[in-house]
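Both complexes below contain chain A, partnered by chain B and then by chain C.
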Partner chain A sequence: MLILFATLVLLLGGAFASLFLRRGKWALYVPACALALAALAGIGFCAYALLQPSGLQASLPLPLPLGACLFSVDHISALFLIPVFLLSGLGGVLMPFRVRALEWASSGVPGVTVKGGDIQHGRHGFFYCILSAAMVLVLSASDAVFFLIAWEIMSLTPFFLISPQDKDSKERYAVWIYLVAAHLGALVLLLLFADMSVQADSTSFAVMESFARQSGWQGAGLLFVLALVGFGVKAGLAPLHMWMPEAHASAPGHVAVLLSGTMLNLGIYGIVRLLTLLAPDAFTALAPDRFWWSYLLMGIGAFSAVFGILLALAQSDMKRTLAYSSAENMGLICLALGAALLAGARGADKACVLLLAGAVLHMWNHSLFKSLLFLGANAVKESTHVTTIRHLGGLQKRIPLTGGCMALGCAAIAAVPPLNGFMSELLMYLGLAFGSEATRGTENPLIFWGLFFVVGSVAGLALFAFTRMFGLIFLGTPRSPESLEAKEPDRVLQSGMLLLAVLCLGVSLAAPWLFSLVEHSLRATLLSAAGTGTTDLSFAHELMYWYALAALVLLALFSLAWLVRRSASWKSGPGESPTWDCGYRYPSARMQYSGGSFSLSLALVLRPLLRPMLRIPAIRDLFPQRQHAVMSSPDWPSALWERLLFNPVSALAEWTKNLQSGLVNVYVLYIFIALVAALTWALGWS
Partner chain B sequence: MDAVFSFLHHCAAAALPAPAAPVAGQQAGWAFASLSSLPSLDWLQTALGLVIITNLCLLAAERRRLSIRLIALQGVILGLLPLLAHTGEVDAHLICMTLIFLGIKGVVLPLLLRRTYKKLPPQLPSNPYMGNTACVLAGMGGLVFSLWFASNLGMTANPLFLLMFSPAITTVLAGILLIVTRKKALSQMFGYLVMENGIYLLGVPMIQEDAMWVELTILLDILVAAFVMGIAIRHINKAFESTDVDRFASLRD
Partner chain C sequence: MSARILLSLFFVLLSVLLAPLLNGVINRVKAIVAGRKGRPLLQLYYDLFKLMHKNPVYSHTSTWFFRAAPAAGLAATIFALCILPFGPFAALCSFPGDFLLLAGLFALVRFSLILAALDTGSAFEGMGAAREAMFSALAEPILLLSLVVLAYHAGDYSLSNMIGCLHPDLWAANRPFFVMIAIAFFLLLLPENCRIPVDDPNTHLELTMIHEVMILDHSGPDLAFLEYAASLKLWIFCMLISGVLMPSSLTALLAESPPVDGGPVIAFGDIVLATLHTLLPVFGIAVLVGLVESLMARLRLERVPQVLTLAACFAVFAALVLWR
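And now, the complex of A and B:
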């Protein structure tokens, strides 16, 4: 536990050192070093915690207004802590270089920063460290009040990080949306924990858990729904995702890594933690009257997955595509959790273990490949200054390393075997199949097969979406002068991307061992009530070994082919020739597939879900003028929220401005009315 | 105006027994049985009725010169109240107190207001936010409210308090109404003074318990406030070239 405190002290030290140094490069290098050291120590700590038979506890005698500073790191926390440490360390190392690149970009001349318009280094470093520390605190807090404080700090700090230059009005809008969404979520959580601590008469998680075992919660269903809403906002599950595309698309690369790679996971962590608090044996023996919890989780997960990937498919901005695909991946994890609940309740232990392990592995994988993709998108943006897919193209020849990393990331996120995304989805498929087999005789096999179909089709759609993104950006010919002059980013970003790519490959090769590790730690925590050794998963392990072996073989073949090709083209050098033009004499870059035309057919088939808006001009004249066809797919759940909730609230708020008229008379009138009303109420109606 | 005044006289006739009217049954009997020991009950009731009438006249008054005179009249009546509400023998302390109140409420404050008024350049009277008749009717509404309120108050230890209560609340409400409806800063100042008079009325029944000292301190604050307002109003006039408070609306964010 001392190591955990040491990492926290390091992070806080880095934060305040950065604040103290204020400007200059050391204000960024010091927190970067602190983050890197904390990451190393933290990953070591996680490994240690996973090797312990049970969780680690500690408390600090810090005075809190309510509750206490209780720390507890069990296996679940440790599983979630690993990506936090890994990515905050990586992002921290990248931070000084990213900030410098941002400043260069704003000046327009490479190597030159504009005075006055640049980023406040101290502030940026400070909040980056604080965000990392707060995420660690959230995962290790074992007291409701302490947890909420950490949660609030974690929710608040990205507000200062998303738009470091604070110039773009669009970025500013994104930041405000983020802040509002984060606080709506925090409000719900506040309600939830307030009710729980009143019922249990304590704010400690341990006491709450034993309270749940002994007397049970009143209104547990409502509490569960509150938790799902509060944490679902943070996880970006589909109807509650409105902040995500804005914030993730605006954040610079190293911040997006933290936001997308780790902070979303904490939403999932919250749901899992609350499940263990509300029903300690949720994953082994869920009461029959609580089956709807699992149905709800599965429903939200399925909706989020399908909807997220469909909107990702329709985006014209690269980073927004990535943000919507986060909603998809969080949906898949949520779906697996719900299915695991149901499987556990029906006694399908095998399915439960497989689904949970799949969810955890997918969470890790998502952290890795989404960070990789965001860094790649950042590199593309840096070299071309655009993120709109319409203006990019043909980048593979210009920035091959970025292109290669992005290709790997896209393949991984689209669950192409045998990369890591496929490995975790494989576990989900297996789990769903076993679930349906074990629950034969009830109505549940249908649900499991339905989810199987959902996961499969989402994987297919993801393949489509990321083929589109990668193909339009990196293949073909450049569509704009910016993409013609693209250059590779600096070495540090390159090595960051390479590290993540290697980790993606590593996870796919090490999947069998990671699966055993996750299974072991799940049995120690969530599934501790089920007797050990009752389920034999050797076949799954065997399957994973085979796939890992296949991955190794494929990797070897691929590198062999690459080497052969490289040596063959070594002498002649890469040539550039136009795409096959069907005999047309004057081909231009505008003839290529555009984002809209690529996804048009699918958008039309899935019209009820995606609700695309098409505007295709009809050609009537003999000599038609230049015209444009436009397809857009608005985010209709967000629009629905806007219409039902945000617009009325803002109209009401706007109206209340009338109360402040500036006239003394009116203010006194308010006092008058209040006085008469108070007197009437206090004495009149007695 | 005459019509209004004749109407007010009728109202006053109705209002005089007003404090007694809503107090029902046995309670009223008890309250006024103990009040009957008061040597000057009739005078006291007359004075309270006059206070209510001056309130209504102030609400009806359009000219500020008239308002200042009415405030002076109300001040004199209120200054005499400690003497009228007193039950025991008249001692030097009481006389001293009465003189102080008479001096400040009846003489000093009206003189201060008059001085401020004279220093302001002559201006057209601006339309109030509520017409005079409507103001008077609202004041009557306030009177009804306070009577109803007093009837719901229940038993109090001090019967004098019950007698004073509804005129006091009427005066406070009339003061607030004045502030709300008038546009000129000086007219609003009248409102504050009338409001203070109402609060003072609530304090009078406590005269035996030496609570008048508290009143005296409040009065001192009001006196200072009148000075400050006098200066402020002149500065407002300089800055905005008017004492209409609706010009302040430009100060809001």
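And now, the complex of A and C:
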């Protein structure tokens, strides 16, 4: 535990050091070093914690008004801590260089910072470190009040990070939306934990767990729904995702890595943690009257996955595509959790282990490839100043390294074997298949097959969305002068992307060992009640080895085919010519397929789900003038929220302003009415 | 190396050799129905041979994606062939969960093909890529659902046991299920292999083309690889259907034989018989595809999703029949 405290001290030290240094490059280098060191120490700590048979506990004698400073790191926390440490370290190292690039970008000339475009270095470094520290605290807190404090710090700090330059009205809007959403979520969590601590008469998680075992919660279902809403907002599950596309699309690369790669995971962590608090043996023996919990989780997961990917494939902005696909991936994880609950309750132990392991591995993988993609998008934005797909193209020839890394990330997120995204979805598929087999004779196979179908269609649509994104941005011919002049980012960002790409590859090759690790730690925590050795998963290990081997076989076959091809076309070498465009002599970049045309036909086929808006002007005159056709795919779940909740609330708030008229006689009237009402109440009561 | 592995290897090679013949059969059927004499049965072999000796021409726009995609597609398709059982004979690599790898490998082929098409920067190929991505995105879950239902039926998760070891009695007991799965596979075969009601393999300049228009810019050995991979994919689908439709009495013999030598010896005559028993339906399906191509017009593009919906309905009903 000392190591954990040491990392926290490092992070806080880095934060305050950068606050005192205020300006200049050291205000960023110091926190960067602190973050990197903390990451190294933290990953070592996670490895140590995973090797321990049970969780590690500690407490600090800090005087909190309520609750206590209780730390506890069990295997679940450790599994979630790994990406936090990894990505905060990586983001921290990138931070000074990204901030510099942002400042240069606003002046337009490298090496020059203009007044107004500069970033307050001290502030930025401070909040970056604080955010990392808060995430570590959230994952290690074992007391409701302490957890909420850490959660609130973690929710607040991105407010200061998303728009470091604070000059774009769109970015300000994004930040504002983020703040509101984060607080609505936190409000729900406050209610949840308040009720729980009153019932259990303690704020400690350990006491709550034993309370759940002994007497059980009253209104556990309501508590579960509150947790799902509160943490679902943070995880960006689909109907609650309003803040995500705005915030993630606006944040600079190193911040988006933290927001998308790690903070979303904490929402999932919250759901898992609350499940263990509400029903300690949820994953092995869920009470039959609580089956709807699993249905709810599966439903929200499936909805989030499908809508996330559908909205992702219709976006015209690269970063928004990535942001919506986060909703998809979080949905898949949530779906796997729900299915694991059901499988565990039905005694399908194998399926439960596979689904949970799939969820954890997918969480890791998502952290890796989504960070990779956000960094790549950042590199594109830095060199071209645009992120609209329509204005990009042909970048692969100009920035091959970024392109290669992005291609790998896209293949991984589209679940193409043998990359890591496929490995984790494979576990989910297998878990669902086993679930259907183990529940033969009940109605559950239909549910598992339905989920199987959903996961399959999400994988297919993800392939569509990411071949579209990569193909249109990096391949073909440049569609604008900006993309013609794209340059590779600095060495640090390049090596950051390379590191993540290597990690993606490494995870896919090391999947068998990672699976064993995850399985081991799940058995020690979530599945401890099932007892060890009850289920034989040797086939799954064998399978994972086969799949890791498949990567090598594929590589061998590919090299063979490549050699055959080389020897065949060896004689006089390949020729070069323009792209053949069916006899038309002057193809131009504008004739290429664009983002809108790529997704149009699918958007039309899936019209009921996606609700695309098309406005194609009709030609009426003999000599039509220049006209514009508009196609957009509005985020209708968010629009629905706006119509049903936000607009009425803001209308009400707007209306209540009328009460403050500023006329003294009206205020006297208010006082009179209040007096009469109070008297009536008092007299009537007695 | 045990006899079993040698046998599997032999069947992989046999598939690799025979696959281009399917196109010849389909074209011959179409020619006969149309009253023509038709191309030689081995036309695709000649084409491939000719293309392998040509120099490729690359567009200025294209990058290494364009050059690597055909080889990657071919490698993935051949690998898919290695996990596919040949009739009652187990696949070369058979392990639990390999049916997911089959779907995954198709995704890999698609991923590389779409990127290669977009790499040329041509409007036509972009159009083809968008359509291919769309139809296969809709087809993938149906294929997965059919496969997982088959796995549920077999209680086993390797393709070799799912479709290779169907005992005739077992088959007869669940006849509607297998027929419906086979129909779903056949309806998937049409769009996945760009066959007529969905796509026309003969022309590439029509605006409704999908696969052919995607490979418009490929030439020489690259084109040969793509054509060859396409014929292998058709072979894989035909094998899937024949595996579902054709139970084999040889099953019992093979299922009980341990993976190492020393099991019951399989007679040479049995092997030949089983091979013919597998090859005949495969070519029968090719004839069926040829008949469909001759008798149907190509559907309008917006009606193609209806074909896929029909396939999904058959898969879902098969699942319901099995579950009841």
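We take it that the second predicted complex is superposed on the first by the 624 of 686 C-alpha atoms of A that agree within 3 Å, B and C clash if a C-alpha of one lies under 4 Å from a C-alpha of the other, contacts with A are read in each partner's own complex, and residues count from 1 in each chain.
Keep in mind that, in the parts below, a contact is a pair of C-beta atoms (placed from the backbone, for glycine too) under 8 Å apart; a residue touches a chain by one contact, two chains touch by 3 or more.
Computed from a predicted structure; not experimentally measured.
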item	value
Partner touching more residues of chain A, whether chain B or chain C	C
Touched partner set for A:L683, first chain B, second chain C, both or neither	first
Chain B versus chain C as contact partner of A:A529, first or second or both or neither	neither
Touching partner for A:L675 - first (chain B), second (chain C), both, neither	first
Partner chain(s) touched by A:I616 [first = chain B, second = chain C, both, neither]	neither
Partner chain(s) touched by A:L640 [first = chain B, second = chain C, both, neither]	neither
Which superposed partner A:V664 touches (first chain B, second chain C, both, neither)	first
First, second, both or neither for A:L66, with chain B first and chain C second	neither
Doubly contacted chain A residues - partners chain C and chain B	none
Chain C to chain A touching residues, read off their complex	52-63, 65, 68, 70-72, 74-76, 78-79, 82, 93, 95-98, 100-101, 103-105, 107-108, 110-111, 114-115, 117-124, 126-127, 129-131, 133-134, 136-141, 143-145, 148-149, 151-152, 155, 157, 205, 216-217, 220-222, 224-225, 301-302, 305, 319-320, 323
Of chain B, residues touching chain A in the complex	129, 145, 148-149, 152-154, 173, 176-177, 179-183, 188, 191, 245-246, 248-253
Touching residues on chain A, where the partner in the complex is chain B	660-666, 668-669, 671-672, 675-676, 679-680, 683-684, 686
Chain C contact footprint on chain A (complex, rising order)	393-394, 396-397, 400, 403, 407, 411, 414-417, 422, 426, 429-430, 432-433, 436-437, 440, 445-446, 449, 452-454, 456-457, 459-461, 463-464, 467-468, 470-472, 475-477, 539, 542-543, 546-547, 550, 553-554, 557-558, 560-562, 564-565, 568-569, 571-582, 587, 589, 591-593, 597-602, 604-605
